[in-house]
Amino acid sequence: MSDLRNAGTGWQERLVSAYKSFGLPRMIIAGMLVVLLIAAPLVGANFWMQITNVINRFSWNSVLVLAMVPMVHSGCGLNFGLPLGIISGLLGATISLEMGFTGPMSFVMAILIATPFAILFGIGYGWLLNKIKGGEMMIATYVGFSSVSFMCMMWLLLPYRKPDMVWGYAGTGLRTTISLEGYYDQILAKFLQIRIGSLVIPTGSLLFFAFLAFLMWAFLHTKTGTAMTAVGSNPVFAKAAGINVDKMRMLSVVLSTWLAAIGILVYQQGFGFIQLYMAPFNMALPAVSAILIGGASVNKASIANVIIGTILFQGIVTMTPTVMNNAIHMDISEVLRMVVSNGMILYALTRKTEAKS
Amino acid sequence: MRRILFRAGTIVLLIAIAVCMMIIGRGHTIYFDNKTLEYEGTKYEAVRRINVNVNGEQVAKLSKKERGMATFTGQKFSFDIEIIREKNGPSEMRTFNIEVPYTMDGIVVNLIGMIEGLPQDAWLKEFIPAPVVEEEDEEIIIDEFDIPADAREPGTVPAQEPDTETASES
Amino acid sequence: MNKKQNNASGRLLNFLGENSVPIMFVIIVAICIPISGFSPKFLLNEIITRMGRNVFLILSLLIPIMAGMGLNFGMTLGAMAGEIALIFVSDWQIWGIPGIILAMILSIPISVVMGIMCGKILNASKGREMITSYIISFFTNGLYQLLVLYMMGSIIPIIHSSIKLPRGYGIRQTVGLLNMRQSLDNLLALRIAGVKIPVLTFIIIALMCLVIVWFRRTKLGQDMRAVGQDMEVARDAGIDVERTRIISIVISTVLAGFGMIIYLQNMGDMATYSAHSQIGMFCIAALLVGGASVDRASIGNVFLGVVLFHLMFILAPTAGAKITGDTMIGEYFRVFISYGVITVALVMYETKKRKAKAGMGHLLEAAQREEEKANA
Amino acid sequence: MSDHVPLLEMKKVAKDFFGNQVLKDINLKLEAGEVLGLVGENGAGKSTLMKILFGMTEINETGGYDGEVLFNGKVLHFTSPFDALAEGIGMVHQEFSLIPGFTATENILLNREPQKKSVVSEVFGERLNTLDRKSMKQKADGAIDKMGMHIDGNMVIADMPVGHKQFTEIARELSKEQLKLLILDEPTAVLTEQEAEVLLQSIRGMASRGIAVIFITHRLHEIMSVCDKVVVMRDGVLVHDVAAKDTSIPEVTRWMVGRSVNIDAQTHRKPPETPTIMSIRKLWVDMPGETVRNVSLDIREGEILGIGGLAGQGKLGIPNGIMGLYNAGGQVTFDGKEIPLNAPRRCLDSQLAFVSEDRRGVGLLLDESLEWNIAFPAMQIHNKFLKNYLGGLIKWRDEKAIGEVTRKYIEELQIKCTSSKQKAKQLSGGNQQKVCLAKAFALNPKFLFVSEPTRGIDVGAKALVLEALKKFNRENGVTVVMISSELEELRQICDRIAIVSGGRIAGILPATSSSEDFGTLMVSKVV
């Protein structure tokens, strides 16, 4: 039977299978974005401004989406525990600021300080996920939530003293949002920034993402990266081939956590603020649905998925409010975003994947 | 067949209960006025004091030009009033039954008109609340996760748990 | 094995291990009560109020657990159905107990439709029901907002401007339920030594418990238990597994709708866009605190859970403030505990599942050694 | 005689799975109250025949069967086992089909519980009837009595010893009033000797009540003691159908395994008298369904050793345990060094390789390319197909080298595929098996375990695989241990054959020994 299939893989069939693997929901979302792009000038929105917005949002979020890749590759599923990595990033950011670094140095130091936290948290998180193989996604979600709420207490209790970070009246406890002006606000975006009319391209941020994406791509081409993919594809095969499955999974979790930490720092430099307390809660689901929209599944993801997904998702998110508001004076973009992003995750969860144990 | 019958019966029963509830549970607000009333050229003066009782409970004590309020559910409403025309004078008891149209949320009755036995259109009016000028749209936060910043139990507004609040301050 | 079980200390350890979560909470509560300085009367009053308010909602979680579908994070769907019904009822100005009954009846069709949708999706994602039902609750929240924030008042007629947004469509942030506030709780209410007991609410809850007990004895309940334990065997025996699972979710959703209405009539007003968003999490946390696990929960767990969890909820902010001098610490602490307890329960469930799968190599080894001894 | 209708009659029943003929021309008669013993090697077609009789859906899904099955004189057209149950055919499968948290009573009456009506059920359907616990207990107890073995109806399945679970299953079938024919598929496999004896008695009891029984087992003495007639199957053909009293265990054994093909002594070399390369001592392996108990075995350098035996007797557990895929204990020395168990990496480092019987589960990365599948273990274990940068700090995948080696094996083993980049899941079973071999060959092992290399592949591919193994052994001097359920296949290429029975080595014979000798060993310690 399969011999038959082997014989005739014409280009039409390939096209059909490409369509099938792309999936209906993605088609709809891509179609929606095209419609939005066409509609934007028609309803009087500045087209290039829209494009700038999309690129900007892409540059903020892409690293967070990239953080999904390692864990998907090693078969740990979608990293709903992204907030844990984000917390490492937040620790890096706040400590860097507290230590008095400013300008570009504060960004470099934030990354450096966030790294050991990310590794430490990643190891703990990876250890836990190795104990509960098969139930990763649900537990990851709640590990994320617990850690966020735990850190809420810590932000209040840790001895931060820098006046522009803590509540003025009490002198202790971090503020919910901390402005990054004078620190690393737009530090990457301003680097080699290109302006053509109303189109602004944050070259530095894009290059930074490209650099990380390249590293990820390169890693997946090394011996270890290959082993990680094999673990995700078939853990028993990997075990039989002498791979330490748990170690590979752990590595992927650490990588994912670290990328999330870097991701939030990149996000902050674009956004201009550090958001603390309950803010990291909101971060996992958009990243998860972005990579799924990009064509990834629960156990397969590539760099291309990250790029396509982030563009599509952020495109929808940034363009719908303006276009909708201009067109029908009813801003249903937020609701639309919820339906689209969660619908995408649901779609991915209901796809049958090869049963593995 | 038997089952379909039973099922249909259950659904009809539920709908019947629902309809019943809609009738007996329909809430109305009734406002009592002790105000001077002009009807077909005749002027009816407000009295010194009227006490309004619903089910034996006093809901309003109305001096001249005052308005009282009561709420009730259903379409039929009965209340007693005690009329005192002079200070320390004798009181006069009257009982009234009125029917309220289903569609009206609130009605205003002029007690004077009722006491004088005028026709219904003289003393019954629909209560139309004065349009409140509101400031711009209130912000609807429909954030996906919607953890309130102070992370209370959902919907528990502090005002409703005064005990907890005061206790925590002490 | 038998020897170990007969061993008294072993049994004690077993008991402690299986009930570690409730025991931990008892300890937390025992420490917090003296620190917080609340009077017993106040605490008792609070607990009884919260019991009346929450127990019904939590009871709605029991049936999906019985059917092996784990903690139904999708109970939020029922809560939304209840809220939609309440919006209508409050717009139609139906007050008091009739209003509550009408809202319950109205919520049934909405809950059933949502439940069927949820059940079908969960059938397509067997093995990861929990994360799926969790995402479904977000997804449906989007649909709910589309309905309530955009369609109500524009497509669906809403009469009263008191619940409508000034812009002409959409429902306000809060919908006042003053006219039915606690009407269920106040009817037949008793006051014993200053403690108010909402007798009618408790009677309803007791009836619900009886219904659940009865339901376990029905054919459907038996089928659900069978499906919950082994889908394949149940299917081989001719039980329609998919349908049974959908029914369990539908029942849970309908009950959650009723529960939400009971909850909101007690609160007296409704946060239109956020009342449901956390309710699933709090109910699940409470159930788990009561000693339930992902695959096993009883009515006893519900009551114990409500008492312990809500005691913690009342005590944490004050105790936290007394200890650290900051009220917010306690607030965050109780959120942390809620999430933490769910995390711990999920981890325990998964590790137990894996342990059960792990083989009995040691038995083989022992048998071999016996054999050698016999040969020697 | 002509108007007498037997309870069950099969006429010219045949079945193929996509051109692969597994049953040919089966004719069979069974009277009410008769006990029929069905014996045959694994893959002889017993289970397919029973699946046809029981109306299993997979038969229908794969195109039905040829010939006729008559039950009580009526031609059967089952579309699902429920049809069979309705007709009065019951089957006790090898795997338990019981709800672990239910009591025996609940399991016996699963989905057939006596019920009481109530008002609620009038509205919401019969499923809201309450269970009638009292009559449930009565019915279940009745069935247990019928069986003759006492089990506690209130005991939860999870707490039961294995034997009682088996009896619960049987009681479930007996509780069905319409039961006329009961199929028992290796029911005694999990029973202790005494329990098995009770079961045999209860089979006799059933027969005396007029229930016909088809009894499948590898324990031939059980067949002899309880059956009225014995039916022997081999290679999809019914070879003998005789009364039990007219035959004997050795004769049945011969029928079971004996093929007329006599192994040509010339094609066989003399078993090499080389030193031992691997010695296994007191090995136990906890592999579900293939438990290994206290195995000791010496393997000589450069030989091809076959390990045979019936399914479920533990032959598969041996390589899986040594290679660290299942929990194992004992001692294994290879080339003078002890190999730690439960550590796959250490085995591979010592140049052992393993081709698993579970191609799709263990053997392949189904979603990846052939290149990955073939090169992966060699890359990971021996750092092959890698380019080193920065003094070995970065080990980059060498796609070119991987492509080359893959194409080399594609050619050598004649793997049919569109390109070396094709995904493994798109290949046919035979070609997948070749990929698994290529993967092992690419490791350049000194010692190779091959488990069921020909399972589920067509004849052409089978010959190729066996030839490739033989060549690999002869040309590279690699010691090969081949595990297979097909004795003939082992006899073709092996030097010596060890037979595993009951988790233990029952004996080791040269490949040229007679079929009967092997057959006797196979059933010698069956548990």
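Here are some notes:
The letters A, B, C and D name the chains in turn, as written, and every chain counts its residues from 1.
One rule holds in what follows: a residue touches a chain if its C-beta (ideal position, glycine included) is under 8 Å from a C-beta of that chain, and two chains touch if they have at least 3 such contacts.
The structure presented is a predicted model; accordingly, all values stated were derived computationally and were not measured.
Steps from subunit B to subunit C, taking the shortest chain of touch contacts, total 1. Chain C has its Cα centroid nearest to the centroid of all protein Cα atoms in the structure. Among the remaining chains, the Cα-based centre furthest from that of subunit D is the centre of B. Subunit A and subunit C, compared by their mean Cα positions, are separated by 31 Å. The geometric centre of subunit A is 47 Å away from that of subunit D, both derived from CA atoms. Spacing of subunit B relative to subunit D, judged by their CA centroids, is 79 angstrom.
Centre-to-centre separation of subunit C and subunit D, using mean CA positions: 45 Å. Touching two or more other chains at once is no residue of subunit D. Residue numbers of subunit C whose C-beta contacts span two or more other chains: 138, 141, 145, 149, 328, 332, 335.
Shared contact sites, meaning residues of subunit A that touch two or more other chains, fall at 149, 152, 285, 334-335, 338. Note for the complex: subunit C touches subunit A at residues 121, 124-125, 127-128, 130-132, 134-136, 138-139, 141-143, 145-146, 149-150, 324, 326, 328-329, 332-333, 335-336, 338-340, 342-343, 346-347, 349-351, 353-354.
By the touch criterion stated above, subunit D contacts subunit B in their complex at residues 122-123, 125. Of all residues in subunit B, only 14-15, 17-18, 20-22, 24-28, 71, 73, 105, 134, 136-138, 140-142, 144-148, 150-157, 160, 163-164, 167-168, 170 touch subunit C in the complex they form.
The touching residues of subunit C, when paired with subunit D in their complex, are 214, 217-220, 222-223, 225-226, 229-230, 232-234, 236-239, 359-361, 364-365, 367-368, 371-372. In the complex of the two chains, the subunit D residues touching subunit A come out as 18, 323-325, 344-345, 347-349, 354, 356, 358, 361-368, 372, 376-377, 379-381, 383, 386, 394-397, 416-418, 422, 426-428, 431.
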